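In the two assemblies presented below, subunit A is common to both, partnered first by subunit B and then by subunit C.
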Partner chain A sequence: MSKVMANKKYILLFVLPAFLIYLCFSLIPIIYNFIVSLYSTNLMSPGVFVGLKNYINLFTQDDIFWQALGNNILMVIGSLIAHMPLALLFANILFNKIKGTRFFQTVFFLPNVICGVAVGLMWSFMYNSQFGLVNEFLSLIGLGRFAQDWLANPKTAIFAIIVVVMWQYVGYHMIIQLAAMKNIPSSLYEAAEIDGASKWKQFTSITLPLIKNVLRIDAVLIITGSLKYYDLVAVMTGGGPNHATELMSTYMFYQGFRTLKYGYAAAIGVILLALCVLSLVISNIAFKSEEVQY
Partner chain B sequence: MAVKSRSKTSLFLEYIIMIAFTILCLYPIIWLFINSFKTNKELFADPWGLPPSLSLKNYIDAFVEGNIGTYFVNSAFIAVCVLAFGILLSSMAAYAITRMKWKLSQLTLNIFLLGLMIPIYASIVPLFSIFNALKLLNTPWAVIIAQVAGSFPMAMFILTGFFSTIPADIEEAAVIDGCGILRIFFNIIMPISKSSIVTVGVIIFLATWNDLLLPQILLSDPAKMTLPVGLMAFQGQYTTNYVGMIAAVIVTIIPTVVVYMFLHNNIMEGMVAGAVKG
Partner chain C sequence: MKKFIAVVLSVLLLTALLAGCSGSSSGTSSSSGTSGSTNTGTSNSSKPIELTMMYNGTATDPTLGLVESIVDDFNANNTVNAKLTLQAYENEQYKTKLTTLMAANSVPDIFFTWELDYLRPFVEAGKVYEIGKLLNADQAWKDSFQSGVFDPVTYNGKIYAVPHAKSICVMFYNKKIFKDNNLTVPTTYEEFLKTCQTLKDKGVTPIALSAPDAWIPAQLVQQVADGIGGMKIYNGLFDGSVKWNDPAYIEAGKEVQDMVNKGYFPDGFLGMKSANATQLFKDGKTAMYFMGCWDISTVTDKATSSIVDDVGAFALPAKDPQYNNILVGSIDQSLAISANSKNPEAAAAFIKLFGSQKYQEEFLYKTGRLPTTKIDIDKTKVSPVTADVLDISSKVVGLTPWMDRAFGAGEGVEFNNKCQAIVGGKDPASEFNALQKFAETNASK
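Moving on to the complex of A and B:
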């Protein structure tokens, strides 16, 4: 049997195709990206080696880059504040078994499977100043004076987008946290019930600590997700008005594929990669995972 | 898990919260659907109400003038190819890593899993350059290859997880019966892995169908574009034909909603697989 299962020819046959494609079209491009970022090139004529000049320009001369970076950070913070508590709230409600749990789970997760472009367009209509439901709803509840062109106003645009991101992703985070909660043995809650602990105490003393590990992973997902955001912004505002909603992803797309400054764009890509890895490292330190024995 | 003591008011509040969010989730989609049957004038006059007549004009326009049919076919072709190659290649690799005996198996798996934390932005400029050199730019194959490569980390994660739970006796029995590896894999292992394969499949389908960035970068010819890119082009072309765009959006999301209705359990299970182990 072990001869069959250790047959080198077959092992290669099974693994090589996937590995080669992955190597050539996922891994090597990342290394190549580092290299391209050290050049100034439009990919049609030979590039000029500029060393770290792209990075230096990005950080010292490019205001739009800083705006984009700031927007990304704003999205990270906004997403963390908006998604985590809501997802926890919904997950906890469902965890405590109310009627229709399956229904709510299915409905809340639906926005997550819809194409980002479709979500973006859908919400562009919601935010439309002439027939959009957001403004109509506001006047319905008497807050009509707040009605405005949400996506065209540089002050409100990014927040309008954060709301849409929340719409799309809260269900996703809720499902993750609910799955983690289900791993907690019910005996703990029964014991707490007997001891007379209130539901809030049970939540803070049993549920929260025991899903800490998953919350950490979820936080990383939110952070890296916010850094990678592209579809929604590209469709809803294109980075405008006047770069108010510019993100590193949209800016990178613009620099590379519109103005053909591929070296510059590659540098932005490297920075994005560094930020993703950094958030992974930081979250590992911040949420020190302890193996809780129960 | 179930907390016995709950006041009626808190239960009521919880229901209100859940129902409110349900409405928030569903209403925009329903609103879109209703308004896809209106004309622009009717939309402006009465955004909330039902359409006065069920006119299919917007849908017809989307197909005839907006070329949605072409985009749909392109998206479908790419999705099918990515599914076929992605599932076949990743399941073969996952099988070899978990069930076959070789020294570098764990290292190989770790290399695949590394991809889980890499954003696509770190590789799109080179990908563009590579496909340009391969003369595959502006063909669906560039998108297909790139998507397949990108699908490996998650697919390997899920499949290796599942394959390692299969008891070894199955292969032992098969070998005793004289089966070779290929027979074992295709006739025995794959059929019993149906559920995991479906999960991987829906994740790949959704990622490919919904993707904007890769097709936008790798395809320039309007006739080759996929639905998300086409939708964006639509928005540029018909900025004020709101109801036309609404119909186009509905056409784009119908496949995902249908797939979701049938396979939502697999989808949810797959999407959170990376986050929650066990």
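Moving on to the complex of A and C:
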């Protein structure tokens, strides 16, 4: 085995298939996309080279793009709130071995397994102003005056969708964080227990620092996932009403496949990529920690 | 043993991977590979020409069944030795699929299309076969069509598609509800508003409308605008002599917003799916329903409608009576041939069959689609509502095609969005001002 690992040729050979797929389906399309973003084209006739005009137009003339960007940022904030503190809370509770850990793990993870379209349809019915569960529940607990058309009201639509996204992925991140916590040797907790540390102190001083690496990766997943998000908006509101729930991904689809402005859409894609890379850099800085040996 | 299992599993994984890959690639290549693959080897003429066609419709569409029977008829009886396969997609999917196939140069031989600015980019990119050549060569075929129907699919003087239906926006109404409330079909705009108010006072929802599909409130605003400014304010948009924030459009927006505020539309219409709004009318819960006349087949569908025998239709009267009978409408059900098609003549043979008298009559009598050909209509064979619509159609003096067809996915769709915002309560003047601003900046993208 070590003979294989030592020989660089063998390593190259084994990495090659995956790398080829990555090259063909990720790298080359990204580069091609960047090139297309410098043109004004409908991909059917030769395009006109316009340089950075698409980007300039996006930032200076396109109100809808700013609306989409704003919605994406709202989604990032919403996701960060739900998928970091909340998921950590659930993970920590389950980590401390309450009754029925297995059961709760499964139940929390379930929304993530349901396909996005089904989730969208189900929640569309729940938000329905005539027979939806949400309005029924509100009137049941006496908050009936808040009952409204959640998805059709431009002010509430995006928040309604963010709530569903928070619900859908809490379990996913909880599992990731739980797995990281399980890696911590229990001897540390036993020692802390003997020294008289409270549960909260144990959490902040032992658990958190030791899963920092995983939290860093998780944060990147959360932020990039929110920036790229498409499914629920496309199914529940289609970007409406009047672009109130438009996201960068749905706007990109609209500009590409409906108005045939592929160059413009490609520019949106490049900006999306840049934002994701930026979030990676910020995450790395925020969660900076030295290698811990335990 | 372990090694054996490992080998078996990896072989299985590999096969699954390859099957997945080949499955997807053959999926996309079949649409281009079979488009007109003639036998070039031997001169064996018994191998049929394979044609492919894509159409807009779903299994619940009453017209799709008829289209499928035309395909079967063609395959059984055609003289050009061709075999046609049909693929149908739902509306939004269809738009995406056609756009993608256009860019990939693998559009099927025959495809369903909309007119005006929808087809224009494809024509200008050279992806559409100029079917006008075949029409001009076959005068009998060309003359079978009514005058003017080819105009919305003519670009630079050449015809690129064949329309098979006419669509106009009408106000469907429930005759029984009208009778029960002592109402008659309104002939003026004021009468129409009074009718709505009477119904509202008696506890009947006047008009079924839904807002999530932006084009639905938009076509109502456009119709009211037609009644305020006539053809002038529509045609002026094309050369810029009329702006999107013309007072006529703002006034139309205010009128429809008034209707919303007076409660003429169902509760929760802002979030109601269009099918549910239609169902309200079909269940007899609203007195009227504003829609394109293609929905005749839906409102008279015995399986889902309880008002089949009580449906009638009238044209929305114009606020300014001099503009009466100018309706939102256009041609529909257009078929075009791809420029990549290897057998345009065989494809045209199918289109000829599609527009033949036999099928134009079937579309009319069975699904209420207005014909684009000159056929003698037997009034006894049409349903009462179709007779109403035919009557309206014969009185039309001007048609203003839907904005998102005439102006494409830029200003056209934004017009829809702004109208949707107006029925949601936004100020018409600021919305149309924003639309004008959008139109001005959109030109430079």
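We take it that the second predicted complex is superposed on the first by the 272 of 294 C-alpha atoms of A that agree within 3 Å, B and C clash if a C-alpha of one lies under 4 Å from a C-alpha of the other, contacts with A are read in each partner's own complex, and residues count from 1 in each chain.
As a working rule, contacts are C-beta pairs under 8 Å (C-beta built on N, C-alpha and C of every residue); 3 or more make two chains touch, one makes a residue touch a chain.
Nothing here was measured: the structure is a model prediction, and the numbers come from that model.
Overlap between subunit B and subunit C is detected when the two structures are superposed via subunit A.
Contact with neither subunit B nor subunit C is seen for A:F146 once the two complexes are overlaid on the shared chain. When the two complexes are overlaid on their common chain A, residue A:T224 makes contact with subunit B while staying clear of subunit C. Residue contacts after overlaying the shared chain place A:L43 against subunit B and subunit C alike. By the touch criterion stated above, A:F257 is placed in contact with subunit B and with subunit C alike.
In the superposition on chain A, contact is made by A:P154 with subunit C only, not with subunit B. When both complexes are overlaid on chain A, the residue A:H243 reaches subunit C alone and has no touch with subunit B. When the two complexes are overlaid on their common chain A, residue A:G171 makes contact with subunit B while staying clear of subunit C.
By the document's definition of touching, neither partner reaches A:W66: not subunit B, not subunit C.
When subunit A is checked against subunit B and against subunit C, the one touching more of its residues turns out to be B. Of the two partner chains placed around the shared chain by superposition, subunit B and subunit C are both touched by A:Q130. Within subunit A, the residues touched by subunit B in the first complex and by subunit C in the second are 43, 128, 130, 257, 262. By the touch criterion given at the top, residues 40, 42-45, 54, 57, 61-63, 127-130, 149-154, 237-238, 240-243, 254, 257-262, 264 of subunit A touch subunit C in their complex.
On the side of subunit B, the complex with subunit A involves touching residues 1-6, 10-11, 14-15, 17-18, 21-22, 24-29, 31-32, 43-44, 47-48, 89-90, 92-93, 95-97, 99-102, 108, 111-112, 115, 117-130, 132, 145-146, 148-150, 152, 156, 171-172, 175-176, 180-182, 184-185, 206, 209-210, 212-213, 216-217, 227-228, 231-232, 235, 242, 245-246, 249, 252-253, 256-257, 259-260, 264, 267-268, 271-272, 275-276, 278. Of all residues in subunit C, those touching subunit A in their complex are 95-96, 99-100, 102-103, 121-122, 124-127, 211-212, 214, 267-268, 270-272, 408-410, 413, 417-418, 420-421, 424, 426, 434, 441, 444-445. Taken in their complex, subunit A has these residues touching subunit B: 1-2, 4-8, 10-11, 13-15, 17-19, 21-22, 24-30, 32-33, 36, 43, 89-90, 93-98, 100, 104-118, 121-123, 125-126, 128, 130-133, 136, 167, 170-172, 175-176, 179-180, 182-184, 186, 189, 193, 199, 202, 214, 217-218, 221, 224, 227-228, 230-231, 234-235, 248-249, 252-253, 256-257, 262, 265-266, 268-270, 272-273, 276-277, 280.
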